[in-house]
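In what follows, structures are represented as structure tokens.
Shared between the two complexes below is subunit A, which has subunit B as its partner in the first and subunit C in the second.
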Partner chain A sequence: MAINAHLINISKKIGVLSDPKNLTAKAKGHCQKIAATIKSFTLLGKFGLTVVTFFVLLAVFAPLITVHPYDLPSGPPLMAPGEGHLLGTDDLGIDIWAQLCRGAKISIIVGLGTALLAGLGGGLIGIISGYVGGILDKIIMRLIDIMLVIPDFPVMILLAAFLGPSLTNIIIVLALFSWVSSARIARSQILMLKEKTYIKSAVLYGAGTWYLMRKHFLPEIFPLIAVQMIRLTGRAIISEAGLSFLGLGDPTSKSWGLTIHYATSFKGIYYTDFWKWWLFYPWLFLMLMVVSLAFISRDLERIADPRLRKK
Partner chain B sequence: MIRLAGGDWGYPTPYGLYPRGPGSRKMNLIFDSLVKTDSSGKIAPKLASEWESSEDGLTYTFKLNPKAKWHDGKPFTAEDVVFTYNYMKQYIPVSGGCPDSIKQVEKVDDQTVKIKIDEANVDFLSNSSSWIIIPKHIWESVTDPNNFTSAEAAVGTGPYKLVDYSKEHGTYHFVANPDFWGSKPRVKEIKFVPAGETILAFEQNEIDRISVTPDILSRYENNPEYKILSYETSWAYRLYFNMKARPELAEKSFRQAIAYAIDRQELVDKIERGAAVPGSPGVLHPNNEFYNSKAAQYTHNTNKAKELMSNLGYKDADADGILKNNKGERLSFRLLCDDGSARLAEVIKQHLAQAGIEVVINSVDMKTRDARFKDGDFELCINGSGNGEDLSELTTIKSEGKATSTTAQAIGYQNTEVDELYIAQQKEKDPKKRKEIMFKLQQIVADDVPKLTLYYKNSLNVHRPSVYDGWSLDTYHSDSRSNFVDD
Partner chain C sequence: MQHKSRMRIIEYAITIWVIITLNFLLPRLIPGDPFLVLSSQEAEDEEIILSEEQRQYLFEYYGLDQPIHKQYFVYMGELLRGNLGFSLYYKQPVSEIIISRLPWTVFMVISAVVLSTLIGTIIGCISAWHREKWVDKSLFLFMIFFSEIPSFLIGLILLFVFAAGLGLFPLAGAVTHFADFQSGWSRIWDVIHHAILPVTALTISHLGGTYLLGRNSMTTVLEKDYLRTAWAKGLSQSRIIFRHALKNALLPIVTRVFISLGSLVGGAILVENVFSYPGLGTLMRQSVRVHDYPVIQGIFLVVTILVLLANFLADLVYKKLDPRVSS
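Presenting the complex of A and B:
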């Protein structure tokens, strides 16, 4: 229902529909489309979707499903998984399960934040570049070329160290290096669409820029950008974990990367039993999340990209 | 050959090194001072074979060791000592500088120097033990000593020669000096090699000695292949207050409240897994011969901390757990730490939160922390070092000629009584009376809490006796000179 209401809202804003009856039908159509998309997923894609949904639920309902606080000690340090502490405790006596639930939230914030910022921002830049053309296009394309040859992770490390550790900074830094691919995809689509006869005839019939954008460009480009965004989400999560692992994250955020960082910097952890819970579970969560996102994006790409579909 | 875990600590000269223990200890393999302080605290000969002080304690005459030679074969003479003094006055070294109290150094003959100091000080000789002598014939033409890192910069009189150094890899390679003036070095070669995970490197025979935590000690116990040496050290983590940046920290009872709020025993148990001694507010380690056990201890007591805070007028009016001052501003501090002490900072944050003080952790790399600490760019700071025990940090008196320092003064703290007592103990020749003064000094310092010692680290070191068994029982530093040579 909430989704329906949301769609109604969006539709209203776009102003495509005014008849409420028509509206629910349209919303139903959307739902059916989504269901159909999911149905056409491979087994791995469905698995990915389940895992990601699980993590999203974990992040949203973290305060309800964890007994212990994620930032305060709630038991003796380095307790093995068992009664009271599902996944044991870390060196400060903080519950690992509570930390990982909190980490899921951080991963999703970073992943979605970066994907939205880079995907939409990059998409917009690409559309402008392709549509306006001329000197602006040239400038943007050269900028993209420069961004492409800069090795991103070392610069990210530098920027993260320079801007200081915080979640917002990490999202900004990641977005700065991830908008390029979305921009290129959007631009190439626009360049192709611009030359299509139906667009040309629409222009001849007096269609304005915004009309074209809304009616023709966005619907064509959005699926491709969406695929790109899912891929970015995975990359952002792994980059955040990487930066945190190197000690460049917010030292008190409980992201998965940071938990792994503290576990691995615990001297001689591999010669104790502690890694079996303190290191293993955050690694498992991180791996599941990233692999699942990769599965989803692979399936979506297959659906969105007609060239791949033919194969 | 001995291999130890590497790391870049700069070029091992008084001007090129990074001013922390590992840097100085590498320099001490190459260079010598006039005298040294042995493990029992007695002054022993190094480049000076004998010395005497005048009646008034203002003039010291050193007889130099005639056998001492520079690594390049040139003889070591009184000229070098005079030159080093003048050079270090002109260019302040990063570490190994001459004591500030020296007024004049003059050559009597090739093997004798006379040093005049401005005030009698019982610690003069022990202060001189960190003063590094450099060769005149090499340094006299050097005008940019901090960037002088050619091979000849590492020419000293000490037991080891530097044959290779790589800043990028953090590696050093030392070989024994066959012409060393003292006894023959017991180890021919010392290599500092890259080792990410030291325990793994030790197990794979890549390095020969490591320090371990109590959790993995059982791997090496009751095994004839390994030997464990344990040390109680005075290397301590301390909490520093910047009373200039945050005037509320200048209030004595505010700092006392912080001392009550932090459970130092829990820090020891959690961060060091029990291998440490909780810090004493009087700064000195309980093992120190001058330690005063009667000084205030501030046993963990959150309620007492809250009481002190409320006496100062801090109230939690809106009951959100954070105290506010009379203007309604939240009591929040930025705590600067390096990434090695981020975990420690997190526990302190938890403890202070219980007393209603909010802490925002700012974790940076060690060298940035050191630089910001030196510049006073912090509100609260966790810093650790092995030489904060002489209390000079708490006085307004400068102790040593150093261009940079990792242990600065307690910013904004000034207590003339502390200054006076510190000077008095420096001059006191009678050990019993000196102890009395030190006791009094600790009582005042513990009452004032100008810095809070969190804990002193213990060290558990493991080595293979079959490879080398000459490790010193007096120092836990594996790169310390006393492991390899008797002077």
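Presenting the complex of A and C:
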């Protein structure tokens, strides 16, 4: 839901704001479109949407639904789930439920931050590459080819190790390795659209670059990039968790991956029952989030891609 | 065609050059002094504080007082001789450390590739055969679900349920240390026993992709005319599927094996750390922990170039397998 609301916001900014008279009517149209989209989701997609909504609510209302602080001890260490501490405490006596609510926020920030940066940046590069063409297009295509064959996770480790652990750095590193897909999508769309008769006639009538972009290219490309951005969100959350699990995350962020990192670094974790709450719940949250985002993007891809729709 | 394959080689060469240069520039571009902190925050390591003379000596030793282009040529020259530098923490040449760890990672990745390709293809065939029936639908749901879970999360739950909880598998490592094996077989069994969980984790997370590809590619082939002929001849179901159809459905699967190596390596780095498997992934984490930059860079270089070579191989194999491309 929240992601959809977010999408409306962006599409409003791009398409609707230019025409304030029709704002409400257009917004209504968007709402109907979104409702129709959700209705055509598969069961898995609906499940995914519910879970993601739940996590977004968790992140937004974290201060209201948690009693204990997420960064300070609030009880005896390694307490099992029970009175006072819904999901128990870790080795420092910090409430796990509070940490996980905080983690939801971090995951969403990292995911959306990376997706916005990579999706919009990549989209822009793709549009320029496809529209301008020529030598610039060739250079960008070679760059994309290079990015595609480089295994991204080792590079991310290298960069994160050198840049130092901070949330902004992680978002930048992740975005550096995820813009390629959006760029390719935007470029291929532009190349395809440029050959369409209605675009050619628009050019003949004297449509300038900006007019073409605003009226013809962006409305066609944006939905595809938006779908890609949801997939990127999931990928970014996985990668952040992976980096944090290796100890390369922001030590102050309390992300889910970091909680898993601390739990697995605890010396006696294999021989005690502590993992049943300290490790299991962040694991569960992370898994649900990632899988749900994947389900949503799978459904959206099916709906947005007419080639797949026919099948 | 000749021209095209030459272009590919040049492209790969450029990619490798970009990676090597990135590897050279990164530590030099990042602000800060590599010798200012030769210690880590972890309690078990002693703090090493260098005096001004020692720092000067280290700067000269690593050639950091030279102009940057000179450093670059020296670096390239050393690299061509296979010299990846000297580890600050292990006090050993980086190449030696990497060579001692590499076989474990390669073993794990190759086992996972082979297993996931075999199992994924077989299940994909079964699914394609029962297309749109409940077998296909439930297999599809199941596979989609598992393919989206990152491998280290699968690894974690396997570790805690089967190794820590049930005690069926060892918790860490690749061999039992200080064990006195009666025969070669018990030694091999020991290695396999340690590898089962990490390889399973990688295989499961990788299975979904192969399955989907196998299913799609099989479905396309099954609609072809020559398979109707095979049916009409009265051949048995397994013969049609595995001899006639699979041969033609295999091509995209083979290329995928190589292309997916990059993401598999990323997964392997994490899975190794879950199981403390003594490959390059655990080495990388340890080096990150103690800020041993030469080792991190060495691993990065070796892993990336290996993946690139695999991709290059995929291009060649594809051309050999598909007569349409080579003609």
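Quick note on the criterion: the second predicted complex is superposed on the first by the 288 of 311 C-alpha atoms of A that agree within 3 Å, B and C clash if a C-alpha of one lies under 4 Å from a C-alpha of the other, contacts with A are read in each partner's own complex, and residues count from 1 in each chain.
Just so we're on the same page, a residue touches a chain if its C-beta (ideal position, glycine included) is under 8 Å from a C-beta of that chain, and two chains touch if they have at least 3 such contacts.
As the structure is a computational prediction, the values presented were derived from the model and not from experiment.
> So, on subunit A, is it clash or fit between subunit B and subunit C?
After superposition on subunit A, subunit B vs subunit C: clash.
> Now for A:V155: first (subunit B), second (subunit C), both, or neither, which partner does it touch?
Touch partner of A:V155: subunit C, not subunit B.
> With the two structures laid over each other on chain A, which partner does A:D91 touch: subunit B (first), subunit C (second), both, or neither?
In the superposition, A:D91 contacts subunit B only.
> Touch test for A:Y262: subunit B only (first), subunit C only (second), both, or neither?
First partner only, subunit B.
> State whether A:P73 touches subunit B only (first), subunit C only (second), both chains, or neither.
A:P73 sits against subunit B, while subunit C stays out of touch.
> Using the touch definition from the top, say if A:G133 reaches subunit B (first), subunit C (second), both or neither.
In the superposition, A:G133 contacts neither subunit B nor subunit C.
> Using the superposition on chain A described above, determine whether A:Y270 touches subunit B (first), subunit C (second), both, or neither.
Touch partners of A:Y270: subunit B and subunit C.
> Mind working out whether A:R298 is in touch with subunit B, subunit C, both or neither, as first, second, both or neither?
second
> Specify the partner with more touching residues on subunit A, choosing between subunit B and subunit C.
The partner with more contacted residues on subunit A is C.
> Could you look at A:T252 and tell me whether it touches subunit B, subunit C, both or neither (first, second, both, neither)?
Once the two structures are laid over each other on A, A:T252 reaches subunit B alone.
> Where on subunit A do the contacts from subunit B and from subunit C line up?
Touching subunit B and subunit C on subunit A: residues 161, 247, 270-271.
> Name, in rising order, each residue of subunit C that touches subunit A in their complex.
Spelled out, the residues of subunit C in touch with subunit A are 11-12, 14-15, 18-19, 23, 26-27, 30, 141, 144-145, 148-150, 152-153, 156-157, 160, 163-164, 171, 261-263, 265-267, 269-270, 273-274, 284-285, 288-289, 291, 293, 296-297, 299-300, 303-304, 307-308, 311.
> Using the touch definition from the top, list the residues of subunit A that touch subunit C in their complex.
Answer in residue numbers: 44, 142, 145-146, 149-155, 157-159, 161-163, 234, 238, 241-242, 245-248, 260, 264, 269-271, 275, 279-280, 283, 286-287, 290-291, 294-295, 298.
> Which positions of subunit A touch subunit B when the two form their complex?
It is residues 71-73, 77, 91-93, 161, 164-165, 247, 251-252, 262, 267-268, 270-272, 274 of subunit A that touch subunit B.
> Using the touch rule from the top, collect the residues of subunit B that touch subunit A in their complex.
197-200, 212-213, 215-216, 219, 269-271, 273, 339, 342-343, 345-347, 349-350, 361-363, 365
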